[in-house]
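A, B and C label the chains in the order they appear, each numbered from 1.
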Amino acid sequence: MNAYSVKKDWFEPPRYKPRLAVFKFASCDGCQLQLLSCEDELLELADKVEVVHFLEATSHIEPGPYDIALVEGSITTHHDQHRIYEVRAQSKVLIAIGACATAGGIQALRNWGDHTEFLRAVYAKPDVIDSLSTSTAIADHVDVDFELRGCPINRYQLLEVVISFLAGRRPRIPQHSVCMECKRQLMVCTAVAHGTPCLGPITHAGCGAICPRFGRGCYGCFGPAGQANCDSLADNYLATRSNTQTLVPLLRNFNAAADEFRETGDRVDEQSDSGVAK
Amino acid sequence: MTLKKVTDGTHCGKTFFIDKLELEHLIAHLTSSGYTVVGPKVEDNVIVYAEINNLADLPQGYREEQSGGQYRLSKSPNSNYFEFNLGPHSWKQYLFPPEAVLASAKRSGNRWEFDSSTEENGEFANKFAFLGVRACELAAIGVQDRVFAQGTYVDPIYCNRRSNSFLIAVNCTTAAATCFCTSMGTGPSCSRERENEFDLALTELDTGFLIEIGSEKGAAVAELLNSREPNEIELQAGKSLLARAVSQISKQLNTTNLRDILFNNLEHQRWDEVASRCLACTNCTQVCPTCFCSTVTDVTDLTGEQIERTRHWDSCFNLDFAYMVGGTVRNDRRSRFRQWLVHKLASWHDQFDMSGCVGCGRCITWCPVGIDLTEEVYAIRNTPPSKRSLPVQSSDQSKVCAVGKVRS
Amino acid sequence: MRPRESLRNRQVNDPWHILPVQIVRTIAETTDVVTFEFAFDDPTVAQEYHFSPGQFNMLYVPGYGEAAISIAGKTPRNGVLHTIRIVGDVTHAIARGGLGMHLGLRGPFGNPWPVESLCSRVKKPSIVVIAGGVGLAPLRDLILTLIDRRKDFASIHLLLGARTPSDILYRYEIDDWELAGLDVHTTVDRSNSRWRGNVGVVTLLLERLSLPECESTFVLTCGPEVMMRYATKTSMERGIPDSNIWLALERNMNCGIGICGHCQLGPQFLCKDGPVFPFANVRDWLRVQDL
């Protein structure tokens, strides 16, 4: 679901003004808001696409089919499980946007907990609540044409994905690490120079290395980079600049359930003395 | 006192003595002749290269501690300007900028207008004076000269910036634990015998600087400084400081037959082992002063009418780097690490008649997990391969020499 | 007035210089391969533009990027032919643009087929050109050049493999090549009801080919790497010396001039040391996986 796995459809942009729809599943709406905050570009984009379903912007809804579906949020209820099939069936290309839609989001932390216990603790009548015990990515349920990472997504990357579809070319969304963005901007490496446990070396680029610019370590908003070696980084950080109490929550963050982060997080967690990260 | 020309009409090779504060004049003279002076500066507890306006910008009284994956800057008991060695930056960021526009395309009607003369060409555009170029860095500039300026085609951006540059070298009087320039034959001091091209070279003593003239351009600038002939004590002090740097270098890379050893061990099990540690994060290639890989992409405005062909630093560790229709050629970290190391230390000899490594040790320090190429080479050299090895025709041994050595 | 700089000089000093061109003819070859004729905007550039068979151009569609495409030939009106498989960003954009599309071109780049050294032999050599699928494109201009100098060779053979009969390129002109003295053998992986020719891999054709003197036979091949591996193997089994085998390789080319680092295979930059190589220079490297 990266730039190189887009299907033939991607190279056949519609000859008419394509219909764009934005769908929300379990999420905070932050990624949709990125589309709104495009402001100047949004007007130009509105010239090129017909926005037919975007509740964050307008209550006007038109039925499908859609040429581009931007899907935000993760699947956390039975209802959503069915709804995503509907969306897929109505959409020519489906683009999952944000950490929730691509990895289950922060709410995927429930995957490690006791769902029944949560329901009992929070709701007076837990039996009326219809929710799944896990929060999962859109691609776990339906075919996804492209996954755009980030918590939240980078609006320029979102524009790039939409424009690339309109132009009939692959999106230019590189899969490399945040380090490359850092180094190209000649920023100081906070991991090496300050001993910060920075996830930059294993994290997908896209944010422009915002946190390292302010001397903070990367905390992995964009999920794992292509072929990220999370185990090696974790082992090294545990030996040199971190501990399981810091590292496990760092890996179990907005992209906790992304495969590479989850596997390493679980392994480090098992290593920790108590067996449970505090 | 003013300089007196030596008998053959050139100042090259002559050494003078200047006070430390004369550096202020040097910076001022260069600035007033239109150079942007770039030199070391402390930023976020690291020595970086940035624009220098006066002497106070230089990092006085700092020393570094470097090891695999670790860099620490600390205050030094004395007040020298160049007691540190190298930070993450290198001069390549000015000569081969991380991002540069190579050409542009503008739509007019159904046609395109192309323009490739996008770099500023004014008298003062991209005219850099580099203050504090170490010997290994001079060698690195020499390596990139080979790549960008001495092939069939030349890169106009690099050549323009390079031919405008003024190089003030600094001889190392200390060495970091990651330095191995002596193995690569590139340092720690600059030498005209090694064909190092510099305009001026400084050796910092406690009392002042020895300043060696490396070019006529350098002589013209040095002439403007208050200098005198150095006395015997000063010359001796300079020599012993250079010897001190040599004695502090502990890291070694055995380059004997290295090209053939690497080419013959492309299936060595060490590649699997290092791949388990390597993050493929690209840091080593970005801090390397010789790595030259880049990618050009189109940066488009939303209308698609105005397009800039933008080149940016790329890396062979990048998964997308060797993508071809049908898949990526080096689809695991093992093959990508192998590509980097074998290219740097072996293929480079075939391609550019020199090693691609100058022994600066940046890739060791700035690797987040501290992978040390000298250790990887040692392991490959000293453990027998368990997998099938590839017989490659032995090369002409004279070809395999370190950077900077005079070639016959 | 300053004397006008030659095209070649301008390109050497500014390899990023883009020549504007326009598509003036298209020929659908197969379902996903199209031949395009590109005409230079500037007639003096068109006259100055020289290439050798086997070289390639970087075709540039603004907004989409560049693609390295081998040159399939030149037309009488100084146009350049490219036979392109429609697979990526740039090639899809070119296919969508079609006739009349205006775009950019840099080139020619790369190391060509060794035509001169084949023609100037004391003993007239036999030439075997082995092509697989779209690999015929970089060989087309070579074939035309060889045919032009037919008398310099004992025999010229084209062994052509394709997936299906409808995947064979240049079907409209292969007959002309045969008439001009080219010995053509074709094979397909999967036949259809109308196909009366060979079915099977292209190396079978090589095994069956009658070659009187293998020492003075030269093999020039381009196609999928697997096909070339077997083609070179079979050639050597037949007694053709490895120094007589040449092949054209493909990697991700970004700059075309050997300074971006993408297209390396061992010590070679495919864009400047290749894409055409003597087999001996690349055989060891082709054996290594993921190099």
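By our rule, a contact is a pair of C-beta atoms (placed from the backbone, for glycine too) under 8 Å apart; a residue touches a chain by one contact, two chains touch by 3 or more.
These numbers come from a predicted model, not from an experiment.
Novice: Could you name the chain whose CA centroid falls nearest to the centroid of all protein CA atoms?
Specialist: B
Novice: Which chain's C-alpha centroid is most distant from that of chain C?
Specialist: Ranked by distance of C-alpha centres from chain C, the top chain is A.
Novice: Determine the centre-to-centre distance between chain A and chain B, using the mean Cα coordinates as centres, and give it in whole Å.
Specialist: Result: the chain centres lie 38 Å from each other.
Novice: Roughly how many whole angstrom separate the Cα centroids of chain A and chain C?
Specialist: 43
Novice: Out of chain B, which residues touch more than one other chain, so two or more?
Specialist: 297, 300, 304, 323, 332 - these are the residues of chain B that touch more than one other chain.
Novice: Going by the contact rule already set, what residues in chain C reach two or more other chains?
Specialist: Where chain C meets two or more other chains at a single residue, that happens at 63-64, 88.
Novice: Residues touching two or more other chains, restricted to chain A: which are they?
Specialist: Each of 167 in chain A touches at least two other chains.
Novice: Can you list the chain B residues touching chain A in their complex?
Specialist: 43-46, 48, 69-73, 88-89, 93, 98-99, 276-283, 286-287, 297, 300, 302-304, 312-313, 315, 317-320, 323, 328, 332-333, 365-370
Novice: Can you list the residues on chain A that touch chain C in the complex?
Specialist: 11, 167-170
Novice: Under the touch definition given earlier, write down the residues of chain C that touch chain A in their complex.
Specialist: Touching chain A from chain C are residues 63-64, 88-89, 92-93, 96.
Novice: Please output the residues of chain A touching chain B within their complex, sorted ascending.
Specialist: 3-4, 41, 44-45, 159, 163, 167, 172, 174-177, 179-180, 183-186, 188-195, 198, 200-202, 215, 225-229, 231-233, 236, 240
Novice: Which part of chain C faces chain B closely enough to touch in the complex?
Specialist: Result: residues 11-20, 60, 62-66, 87-88, 100, 102-104, 250-252, 254-255, 257-262, 264, 266-267, 269, 272, 284, 287-291 of chain C touch chain B.
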